[in-house]
Every structure is written in structure tokens, then in C-alpha cells.
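By written order: A, B, C, D and E. Residues from 1 in each chain.
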């Protein structure tokens, strides 16, 4: 019998702001999945290609089109930057292929803009906000001030988090929308400080987040007693920021390399190819998402999108990286989420030893209930 | 007394009011356009064509009137938003969407142009940049543009309510028509009596004034025309990629169109087309090289400025000693 | 009265002070641009990259040579300045007779190259560079806490701007420079080496950018794109101040920092566009900028 | 008529000439202005270039100074060929130029304007000496250069180059637009400078003034030197001169 | 000769005045370049404006053609007050100037240079959709004008490649194309070789039929032979006025301009 040939396109940021959290690491994670899958099943030939979408939705959609139309790509993965993820999700639906997003974060991908061809892996804005907000609210940190990047992703992150704060009886002390990208946050931080809120929620990403954290420390805001909750902070960014500045932060993450024996073993393998860098949740999501996809193709011996999607949603997931989980009707992959506190430099014993676990949020509670998402795929 | 027919000049010639070698180039462009989709990926070609039209519109201003607008992305972008919104939300047909896009770009051009035209040189460039930044800010804040996400999944609809444009192939020929039409229009503008005055203004503005020309009105007119054609390119692009986003209004887009025009040869009719093809191809095929794209782009800027300021087509025109 | 608009006067003072500190960067950067434009007639779009280069060189000096902040504050501007001199000698000097457009495009391209190369080498996440221990800590001003480092930035910027202004307006060297701006041919006929002076001026303007980069390194992240967007804003500052005007660029740099600071309080989303609105208004009313000489 | 004269005229041969100009050609962009200027100046001499507007007198001075975009021929100064040198090297060799339009810098005050040109040779006049020559300048030392009256600007322009130590001066219409008293004063200054060993090439429209200070006069027409009249033969040649200057 | 003008038949300067400037003053930041100048130019005359460099002649031209707006004073042209008009408006009233420094369209051919001016007579037409053929109709007239200044053989040459004197000639042809009623020439002879001077002088004489000409000129023999009336400006003010014989004997003119030593 002819082997099935599938082509995977890793479309992410290879040179910009998000290249460290996705970039080459995502391609390596995909290659590892291909390798590991081959050792259990050799009936499928997998080819991995990759490209740089420069975080621009138009570049992303051009490449996606060309990949689907011309190059025979079956699945596109990663897609950091929500706008690029949404754009590719639309095209994938039109071309009836499959997209597995692990880099982009907007919860709209499985909400109002959901699609039968889209799976959202690792994390989304709702789950980040939910994790951090719930953990902090439980500790009595119930008044919040948001420092939000003035773009769609920032707004979504603020919206999802604020909803949870309010739901739990918390108070919103205010918010400020800073231009994206920004360099100086001192003015906004001072406004946050003046608001007297217990928590300053950073609803932004990458350099904006690390810049705001650094400057919060410079202005003594953290020493002043206010907590900084960086709603989205990849471990690669924490690494660049350093523990000196990052200590004490509360972050929500879907994956931590040092969680258990399985994750450690896999991450060491990954690190060998990446100059010692540990994988982010986006990169880990590529591995487990691709494994799940390949298993589904092998199981039905067919790579047509709709049957494969059906098979993927029907089969529960269980892998070394994300543990047990499943894919819901709306395309949301659910699994446990973790709330971490960043260690102090003295607590950190070895490279990349960064997190103390504060809470584990069980899969069923970690993501937005399907009924709240307004996804047309969900039959009410 | 004087032998009037002693010499023939460049103006009188038979080919549709076009110089013969220009007619040949237009025909070969048409030919290339017709066989193109059988050789290359149609969506890529459509993208090249949209940018070619955009660059030609920009060049109408820079190359033929001597005005460096550093905010042309505003017209490209705003038209693509308006066309996208009209088609997607109001459900109008694609040709009407494009028309609305063009009209809004022209309106915006009229407003910004009438203010900017009063300044000269680098100040003109800065005023246009400033207004373009405001348009960018508007696009970021206005609810209908979808912020960072842009307007996505724009339906291509049916041309005149009849012909479905869903297939890339059908759309391709529509875009080819629009682009060639647009470039022919620019060609006609340049070679009209109006264009002749523009040329005179670029050459020697004071003298044109002293001959009695209301130079500012000519400049404004050109500015609006250029904005409208940039809008045509922008709205067509929105339909092709089914996406209108902030990238289209960002100042780096204004920079890119300068690059295209410069590489191809500013002040030539055909240069910007080649320039656009080179830049889009580069971005497309160098995408896997990551940050090297920027380095290469930078090198092209430097090389162009240091070695061939006339641009590729400009150089060719110099060799064959004929305007292209 | 201030409470009426929801801001306490004390908080407002704090915000104004912050604005002024940010204005320090605008002032040094626009000063460099203005000097270069005034003398070379070139719009130096590489300025943003050279600012970034300053920060990177400081980082490299620390990590590869063990030279700390204070050493970098002196060395980085010299190193980057010399690189500027090389650029001027081999590339820019060929363009003086041409339209502004070409100088702008060339320097824009150079900026892209520098930025791209560093991006390839160091990625984009940014490198961290810490505040020198001597300047850690804060001062309580009553209405706000000011980090010592920021206070230092402002003082350093004021000193550099004032010194530069003094040298150019009040010394013999400055007299030569100003005269050469007005009539380079005649100054050459007096036996002064104008091309050399131009080269050194470019080097100095670039060194100013690098100096600002070193100042920025500890508070903003050191990354290859840190100057990319800034340059457009700084350019606007120069245009508002009046292209080529030394005093104009300093005053406008600080004032726009203030205005931007206020915008961050009242309409934060617009803080990135306010400078362009001001520029459009200023150019409509006073075409040559606030301090510029009418043509 | 002119051509005949041109043919008969040959420049005086002087071995010890301080400044020797031969077949000097000069262009502004594409327009060819100097068509072969020939003349020489002995050390300590004052010579004038006379000619109508547009004859090429200013251009001659500029060409000697190296300020013309394109020039050819030969300019030998103190035995050194300077045709290939840049302006600043010619200035350093000891020639100073005072331009027709004066070239006062508006961004510098009077004192700064005076101190602007660097000293190229020892023995230039001191600032005190210059102020002594032009007391007006001392009074207005701190006002903006271009705020001075036309006459004062002219004094400033001359004073400025006396400081440099250059002993060969090229003065382009130093009396233009000046009141008679000031012209007289400048006349006396030139006399003084001459006595101190300065060599001066003077371009003048006002040949009455020229005849009071100069040793010899060269007539320039259409970019050529067409005649030379020693000052002591002025009266004898007055008709010829009128014909040249076309009045 | 072959140059035909449509209107006015009279050619001898009469008493009728075409342009008056009264109390014309131009101040540049405290510096008065033109000071209370009164000019009246008779219809059909050739009027010369002379004076030392910097006397304010070009500034006067700039004021009359509205390239500068006077600080004080009034300009009446053909009975209309044009003090506040724009340069283009003035040109359309058929008051047209040439420039002191040669001012052609360098990358257009000689023919196109002239045609641009002829084209203006169609009115300010913004017909960008039309073919250029529409203006080819002007070619014949453009050639007549070029022949007039001796440039017919060079009609296809790019203006930048013409010699200096020919550029001046081309400029005059372009100016004539507007069929001006009054022509302002700023140093038409500047930079011209002797034979050019003679040819252009003849040309000016020829086209002055039916036109009024105001010219600035340093070439006194041209001024003497061409002009009906001369105004001498010095330091921004009128020093003397009259025909050449009168003016050249005026002692203050001799002193300020012609030179005392050689009257």
C-alpha cells in the first residue's frame, strides 16, 4: 500500500518579536514529533516546511494560500500573533485544510471566529486570565488595574481577565491602554500605582511585558506592595528578562519543562538542539499537536481534513507534555493549566529553574465553557 | 518662409496616441499577464499587480510632479478598509466596493492634499507622513477596522452580480484588467496636455507660474488622482487577499512603495511595475531567510542610491535613449 | 481644579517630570539629527540604528570586554562615532550635491542593514543591561519617587545638550561650523578644511545618538528594533523645532516629552500620534518649524 | 578694432612675478566664462582688473582662489603651481580673498566674523590694529554681522583677511556701495598695506579710485585680458580706456 | 514679420499709461529694498530700469509680477488694481516676465518649452484624460516663434543642451508665446555674446510693436539704442527718469551708476 504523504507547514515569526517563543524552536519540536512518530508507525511520510510571517496577517495569509494551493501543505501550525492566526484560520476553512494554533492566543479562535478546520492548542487569552485571576483572587488580591497593549490581543486579554475578576467579586480599579509596541511604561505604571489596586495586570506581550516589569521594579512598585501579574509571559521571555527583575511574578502557563520526568526528558532533547534553551508552551504545543494529528491520520488511514478533524476530536489526548486532555467541538484543546510564581535568584538552583507551582487548574475548568464562546459549531 | 515640416517631434504618432515602443511594452505586458497564471501562482501575480499599480500611482506624484509623499499608505490602506467593510458588512458587489474604496481614497487625498500641497520638499514629505500617521491611528482605533486583526474573510462576491470571483483564476483576469486599466490611465495622464504641464512644473516651478499656470491646483489634482489610483490598488488588494489590515496603513508600507519606485526607476512609466515585482518576489521567496530580508532590502537601498540612481528601467531607458 | 478632571495635582507633577525625562532622549537624539542636517544637509535616517548600536556596544563591552557602564558611556559613543565617520567618508560624502531624497534613502537602507545584522546575531527578545549600582535606588520628591537613574539621565542629557549648544554657539570651533553651514565655499577659501569638519560633525552627531543609546540601555530593553520606531518620532521633533536649529531641537525635544507625558494621562492611546498632530499643526502655521529660519 | 588691439597686446614678461596667471580658463557649470586670462603681479604691487559688468573679473579672482567648479591653465604663486590645489590649500599658501558680496556670516557676530579665518602665516595684523583701522568695527564688535551697514560690512570683510597673515590680497570691488569718505579711508588703508609689503589685486568698477591706488591696470573683456595700462600713462590712454569701458 | 498679433493696432507710444506703480515699497525684515517707487509705463513704449547692483530692480520686477507682495503701494495694470493678485493671475492678464537667471524647462525640447506656454492660452485645463494630440495643434505656431528667435533648427533639442545665449532666446520665445501685452525682461543680455546681443536687441525691437516692454539691463548701449524712457533706481528709490540723453547727463546718475570718471 502507498504510504500517505503529509506536509506540515510551520508558519511563525522567524525574525521578529515572537521568534524566540516560536521560531526555529517550533520547527525543531515538529521534527521531534516526526521522528518520534516514525518510531511507532512508519506508514506515513511527513515533510515539514517553515516560513516567516513577520507577524503580519497579510504575509501570513499569502503564505498560507500559496502553501495550500501550490505546495500541497496539509496542516499549518504555530501562528503566534492573533491577527495572523485568525487570518490563516479563515483561509484554512476556505481551502478545507487543517490549522493547529499553538502560538497565537485569542480566544476568538474557538469563539465567535471558530472554524471546523481549526484547533487551538496550548493556551488562549481566557485561560491565561482565568488562571492568574483565579489564583490571585483566591489569595485576596481582589482589586485590579490593567495595563493593556492597545491592540486586539491586549484588549481580548483584558476583557477575558476582567470578566473573571468581576465574576469573583473583585474590583476593577481602572485600566490604561498603551500604544503598541511601547518603550516607556513609567507613566502608565505611575497611574497604576496611584490607583491603589492590589494587582497590576499586564495585558500585553513580549517586549512590552518585560519592559513594563523592568520599569515597575525600577520605580519600586513591586517593593511598594503591589503585585504584577503578567498575563502572558513565555518562559523564553522570562529567561531574557532574568530572575533579578522577574522574581515574584505570577504567571499562568500551559507547560513547564521541569514539571515531571517526561517533560524533563523531552525538554533536554529539545534543549540539545537549541543551545540549551528550554521549550515554550507554544513549541511544546507543536509537538503534541502534531503527534495527535499524525496518530489520527494513521488511525483512519486517510488525510482528508474533515475525517481527520473528526478523528482528532473523537480521540482523547494523552502525551508526555500536556498529560490527559481532549479536543472539544469548538476546536479547543483542553488540558490542565498551571499558575506559577517566578523564583528568586537564590531559589533557582540550575539553569532555567524558574517556577514554583502555585496552583493547577484542572482541564475542565481551565478553559472557557463552550456555551460562553458563541461558536457556531457548538450545538446548544 | 519657414519649413514647418522640417522635423517631426515625439508627439505625433499613430499608435493610439502612444509612442510605438510604449505600445509594444503594453502589449507584451498584456501578453505576460495572459499567460502568467499558467506559469506562476495566480494569487502571487495578483499581489504583484496590486503593488505595481500602487507604485505607479505613487510614481505619478514623485516621478512626474516631483512631490515625495511619505504617507501614501494612507490611501492604499483606507481604500482597502472601506472596500472590505462595504463588501463584507454592507454586502455590496465587488465592483461597487472597489469604487467606494477609490472614492474614499480620493476624498482623503483631497483633504490631506489641499493642506500638504502648501509646503515644499522635505516639509511636504513630513506633512504627508504626519497625516498618514493620523490615518494609521484612526485605523487602529476605529471599531470597524478590527484593530490589529483587520477585516478578514472578505467575500469576493460576484462581479456585477453575475460572475463569481471565488476562483483565483476568474479573479485574476479581473485584477489584470484593473491593473492594466489603471496603468494605462496613468500613462494617459502623463501624456495628456495636463501631464505636459505637470512635467513643466516639475522642471521649473517658478517659470510655470510666470507663464500663468496655477501650479497648486495642478499639484492638488495630481495628488488626488494619485491617491485615487493608490486606493484602486488598495481595494483590489483587499479583495485578492480577502484581508484589510494595519499593515496596509503603516508607514513602512509608504517606505516600501518608495523602494519599489526607486528600484524600478522613478519618473519612468514602467519602472515601478518592475520594482514592485522585484520587491514582492523578494519578500515572498526570501521569507524563509528571516532577518536577512531586512539586510538584503537595506543593501538594495544602498546599492540603488550609490550605483544606479535611475533605477533598472531608468538605466535601460538611458541605454536605448528613449523614455520608458 | 485638577481633581475635576480626575487627576491629583501631585500625580500630574509626577507625570510631567516623567515626560521631561523621556524628553531627554528626544532632545539628545534630535540634537544629533539637527547638527547633521544643519551641516551636511542630510536627513540621517540611520540615527535610530546608531542609537540602538550605542546600547548594543555598551552591552558588548560589558559582556565581551568587561567594560562597565561608565566606561561604555565614554567608549560606545566613540566606537559608534568612528563607524559613522567611515560611513560618511565612503558613502554619504558622495551625495551632498543631490536631492535630500537620496541621502534619506541611503541612510534608511543603512539603518535596515545594521538592524537586520544584529537581529540575526542577537534575536529580538532583547538583552538585559543593568543599572549601575551607584545609580540604583530612588529619591523621594514628596509627590513621587524618582529613580536615581532617571534623574541621572535627565541631568546627563541637559549637560550634553547644553555643552553642545555652548560649543556650537559660543566657541571658535562652533563659529567655523556655523559659518560653514552658511557658506562652505567661502570658509574653504579661508583655509579651513571643510570636508574634514563635515566628517567630524557627522561623527559627533552619531556619537550623540550612541550616547543616548547607552543611557537607554539600562531602562529600556537592548534590542535591535529599539531605534526603529523612535527615529520617526525624533525626526518629527527636529521638523517641529526647525530643521537644523540646535536650540530648536533641544527645546522641542524636552517640550514634546512633556506633551507626550500629558497625553499619556489624558488619552494614552493617542500618545504615539500626538507628536504628528503637533507637527502637522506647526508646519501649517510656521512652515520652517518653531525655531527654523524662513527660507 | 578690439581684435586688432588684442593681437598687438602681449603681457609683460616678469621673471620675479609673485603671481603669474597664464591662459586661465574657467567655467560655471557648462557656461565657459574665462577664455584665457593672462597677467602677472610683482611683489608689493597693486594692480587692478578693470572691465565692464560681466567681463569676468570676479570669476578671475575666484579661479585664482580655486573656487570655480572647473578651471584650467596655470596659476603660479611664489613659484608654486596652484591650479590643481583646493581652495583651502591656496589660502594656506598665503592668498586671501575678499568677495564682492562680502560674505559676512549672519550667524556670527562681528568679532566672530573677524576671528573666523585661521592664521596661515605669521605677521598678520593684530585685532587692535584692525580696530584702529576701522574704529566702527570696534564699536559694534558684538552685533550680528549682517546687521552692519553696507560700508561697515565691507570694512569687516577686508579687516577679516588682514588678520590671517596672508600677504597677497584679492579684493573684489571693495568700494562698491560705499560713501566717498569710506572710499577714501579704504584708499589710505591700501596705501598703508602696500607700504607694509602687501601685494594686492583689486577688481574695480570705479577706476577713478583705482587710479589713486594702483600701479598698473589690466583691462578684462569677455573673459580675456585685452590690455595693460601703467598708472602713470593713464592720462595718455584715457580715450582708449573710455572705449574699453564703454561709457 | 510672420509673427502676427491679434490685437492693438497702434505702435507709437502715446500718452496712454498701461501700468502705474505708486509708492511701491518692499521691506525685508527691516531692510527696505524698494522704497516708495513711483513708476508709470506708457503703452507701447520700451522702458528701461537701470541702476547699480542691489538697487532693487529685480525686487521691483518681483513686485510687479506678484512674486513678492509689496509692503506698501499699489499697482495698476490696464486700469485694474493687481496689487493683491497671484503671479498666475497676473500672467493671465498678459503681463509676463522673464528671469534674470535663465529659466527654461531643462528636460523639455525647445518646441515643448514654447508649446507649454501656448497651451496655457487654452485656459487652465485639467483635462488629464485627453491625449496629447490635442496640443499638437500648437506645433505650427511654436515653430513660428522658434524661427523668430533663430531656434527652428534646434526645436527637437532638450533645452538643457542649448548654449546659454540660446536658452535666453528660447526664454524670450516662450514668453512671447503668451502673447503678452506687457513684457518684463530681466537683463535679457546678461551672459550673451556680442552677436547674440545684437540679435536679441533686434528681436526686442521687433516684438515691441504692439507691446509694452519694461526691461532691466546693464548693457548701456542696448539701453541707449532701444529704450524710449529710462528710470534709474538706486538704493531702492528712483534717482532719475527720462530719455537716455537726459539721464546719462544727470550727475547723480553718473555718480551712482555710470561712474563719475567717465561721463
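Observations on the model:
Basically, a contact is a pair of C-beta atoms (placed from the backbone, for glycine too) under 8 Å apart; a residue touches a chain by one contact, two chains touch by 3 or more.
Please read all numbers here as calculations on a predicted model, not as lab measurements.
Looking at chain D and chain E, no chain is in contact with each of them. Look at the CA centroids: the one farthest from the centroid of chain C belongs to E. Averaging C-alpha coordinates per chain and comparing to chain A, the farthest chain turns out to be D.
The interface carrying the most C-beta pairs in contact is the one between chains B-E. Each chain gets one centre point, the mean of its Cα atoms, and the points for chain B and chain E are 41 Å apart. Rounded to a whole number, the gap between the C-alpha centres of chain C and chain D is 45 angstrom. Between chain A and chain C the centroid-to-centroid distance comes to 37 Å (mean Cα coordinates, whole Å).
In chain C, the residues that reach two or more other chains under the touch definition are 119-120, 269, 272. Chain B has residues 140, 290-291, 293-294 in contact with two or more other chains. Touching of two or more other chains is recorded for residues 15, 19, 150 of chain A. Against chain E, the residues of chain B that register as touching in their complex are 1-2, 4, 6-7, 9-12, 17, 185, 188-189, 191-197, 199-200, 203-204, 206-215, 217-218, 221, 225. Chain contact summary for the complex, chain D toward chain C: residues 65-67, 86-92, 96-97, 99, 103, 105-108, 112, 115-118, 120, 161, 164. Those residues of chain B that touch chain A in the shared complex are 41, 43-44, 47, 140, 146-150, 152-153, 168, 241-243, 245, 247-248, 283-284, 287-291, 293-294. Residues of chain A touching chain B in their complex: 14-15, 19, 50-54, 56-59, 61-63, 65-66, 69-70, 82-83, 86-87, 90-91, 94, 106, 150-153, 155, 180. The touching residues of chain E, counted against chain B in their complex, run 1-2, 65, 67, 86-92, 96-99, 103-109, 111-112, 115-117, 119-120, 122, 124-136, 139-140, 143-144, 147, 152-153, 155-156, 174, 178.
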